[in-house]
């Protein structure tokens, strides 16, 4: 693949990349995870603040190795002499505008994924941006294999389980990553079935009406039992099949739900829990 | 034969009052008897309001005391004090639109139990107060829509509803026109004649002289002049049986013009009007002397 | 012009049934609408207990929804609305100002800080009662701070109390904001905090009802008992003392009661603005300023207002719930401006 490369980012801005990156900065928690998947830690000189939070980040250990700066302050970021900055399309525009006035290339990446394929594509894109095309391709293939395995997880002849992803006040409707995960696993996303579109609020009353067979939530490490107890205490949730049959799945929040290559983990554990024989 | 000394209902004894670090009243002694109208007169800043508030037990004294029926006022519970004396403040404005009847009804508070509603006795006292002060026709009007004079009368009606033997009025005529000021003084004297102890402070020397049964002149917190034998009734006769002419009023000649000049900063000329009512006419101080 | 006695009778005759109807309607409307018959059946069966011998004509889900989800929520609206309106009435009397509102003495900001602390430390996730308990403690602690700042030698001048309240409120609000900014990395907690601060009654349980109802009832009763003192205090502290009120003791009791009411309300519903300001004001314009009438009538008016606001919050944009505090501000703000204009017009006559 030839250099220099010119790409168009989410804002339709042409970004010129001179050479494979040696010093890249990530501005968003999921972009951290993409970069650490594709690059070795030495090349990453800036990360989001989430990387240093062991309870949230999937790349905590890697960040600890090289201790990159936290990329909130533009001054500190630019002092690192990065040759590429990758920011999220949903992040504030002023940082991007500031950096665009310098000669450091900054690429605004879409991070609100709604399908697993989009994650796979972004792994490839990350490789292209950073010059790690070969390595990224290998990771991409591995990701797609995990997705394929998930697709085959449901045993033949088993009814599709009705599952609900719950975020405390919100649930996942259609056009969300969770929905794609559920469909890939051969389950029915109760939220989408109930008419939710996107990540939207839901009342416990509605959950009772929908009566899912499985409820899936994420919690901080160590707080899982507490959360399960609180959910069972709720009179509406407590009456659902999921509660009554002990089918409330509380996963570590690093597993449920990162929007990054680490999403393979939820595919594996959820397949195991749903179809364990 | 000396007249039997009647014990004072309310009495200031060698009173010192300090406010904000400054001594406002110094060594003020003043007995208040029943059936009297005590006029406390003095220029602005002489301490009239402070004396009145002290008499009402609203201020702490730095030395000396206020006695109510022979006991220091601090020994009483607030509620019990409120059954003996009531008070009309200088500033009569009220933020909210209470009706006159509601305002007057508040005077019954010291007599009402914690959980009780209005009794017949309360109704009667309120009605009596409204009638005596001629504000009954205004009973359903909001107090902040009344004129100054009507408001004063309504607040006095509140004191009457409280059925207190002593009523303290702080500058009741300060912002009233001639007609209404006269109304208030007339009413105050009428109440005194009927047996109440009325104490009012004013800067209106003439009306104080004319209507008061005794006069106290304050200058810079000190009593500059007090008429003697304030309400001493004619020997042996109870106050109610005296006629107007027999009741003691203060003779203008008793106040030295020099006192008036020193206190008020004006030259005073004593004049007798056609019907014999004495008063003073004031002239600017003469600078060529 | 009707006499105030007649107006009071009309007020209660109109509003008491209106509240009952509003409560039933609010219980009936939700993610699925329930017919009145079902609601009545559930309520009667629950209240009659073992005397209920009829076969249930409603499903277990219906029963849970009516009894465990909607009824507690609507009852919370009743008590929070009543509590805020009474607190506002008391504050308006104490500060002799019709523009006073419950949070003036710092109790509101204290309650919010207590709640934010509960969120940030994770206590709020531990048990349902933790969050409201922290909020009530916060409210009372803030009040104590304000009270002791404003009191010298047992005397609490109202103007000093006001200034101390404003200062403490500002300080506590900024600490809340600080805690929020520090926790914002964990977006779920930050989201919870921000939503809670905007006010809302979703997921309120019987625990919230048992916590708020006694405090609101107590506060309303105490305020009504002190009604004459409150009226007399408005005539000026000298006048009040002269007519037998123990001024400092009465002020203490009233401000503590207002803080308790505010704390209980914020503990259950977050920051809900304008109820404490507008309702007593409107009731005063209709029924007059006498506290004996004003306090209970404000409680009723506040309860009805908040039940209706909560109903709107749930139904204007389903399935999303609008924040209750936002709605009361959107309705209360213009209402307040209108009241102000009316007042200016009247006083300039």
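Each chain carries a letter (A, B and C) given by its place in the written order, and its residues are counted from 1.
Everything that follows uses one rule, which is that a residue touches a chain if its C-beta (ideal position, glycine included) is under 8 Å from a C-beta of that chain, and two chains touch if they have at least 3 such contacts.
Keep in mind that what you see is a predicted model, and the values were worked out from it rather than measured.
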*So that we know how the chains sit together, what is the shape of their touch graph: line, ring, star, complete or other?*
line
_Relative to chain C, chain with the most remote C-alpha centre_ = B
*Could you please state the distance in Å, as a whole number, between where the Cα atoms of chain A are centred and where those of chain C are centred?*
41
_Euclidean distance of C-alpha centroids - chain A vs chain B, Å_ = 83
_Length of the line joining the C-alpha centres of chain B and chain C, rounded to whole Å_ = 46
_Going by the contact rule set out above, which residues of chain B touch chain C in the complex?_
53, 56-58, 78-79, 81-83, 85-87, 89, 91, 94-99, 102-103, 106-107, 109-110, 112, 114-115, 140, 158, 162, 168
*Residue numbers on chain C that touch chain B, as the complex places them*: 3-4, 96-98, 225, 228, 231-232, 234-236, 238-239, 241-246, 284, 288-290
*Residues of chain A touching chain C in their complex?*
49-50, 53, 56, 167-169, 196, 200-206, 208-209, 223, 226-227, 230, 233-236, 239
*chain A-touching residues of chain C, taken from the complex the two chains share*: 30-32, 60-61, 64-65, 68-70, 122, 125-126, 128, 185-186, 188, 192, 195, 202-203, 205, 319-321
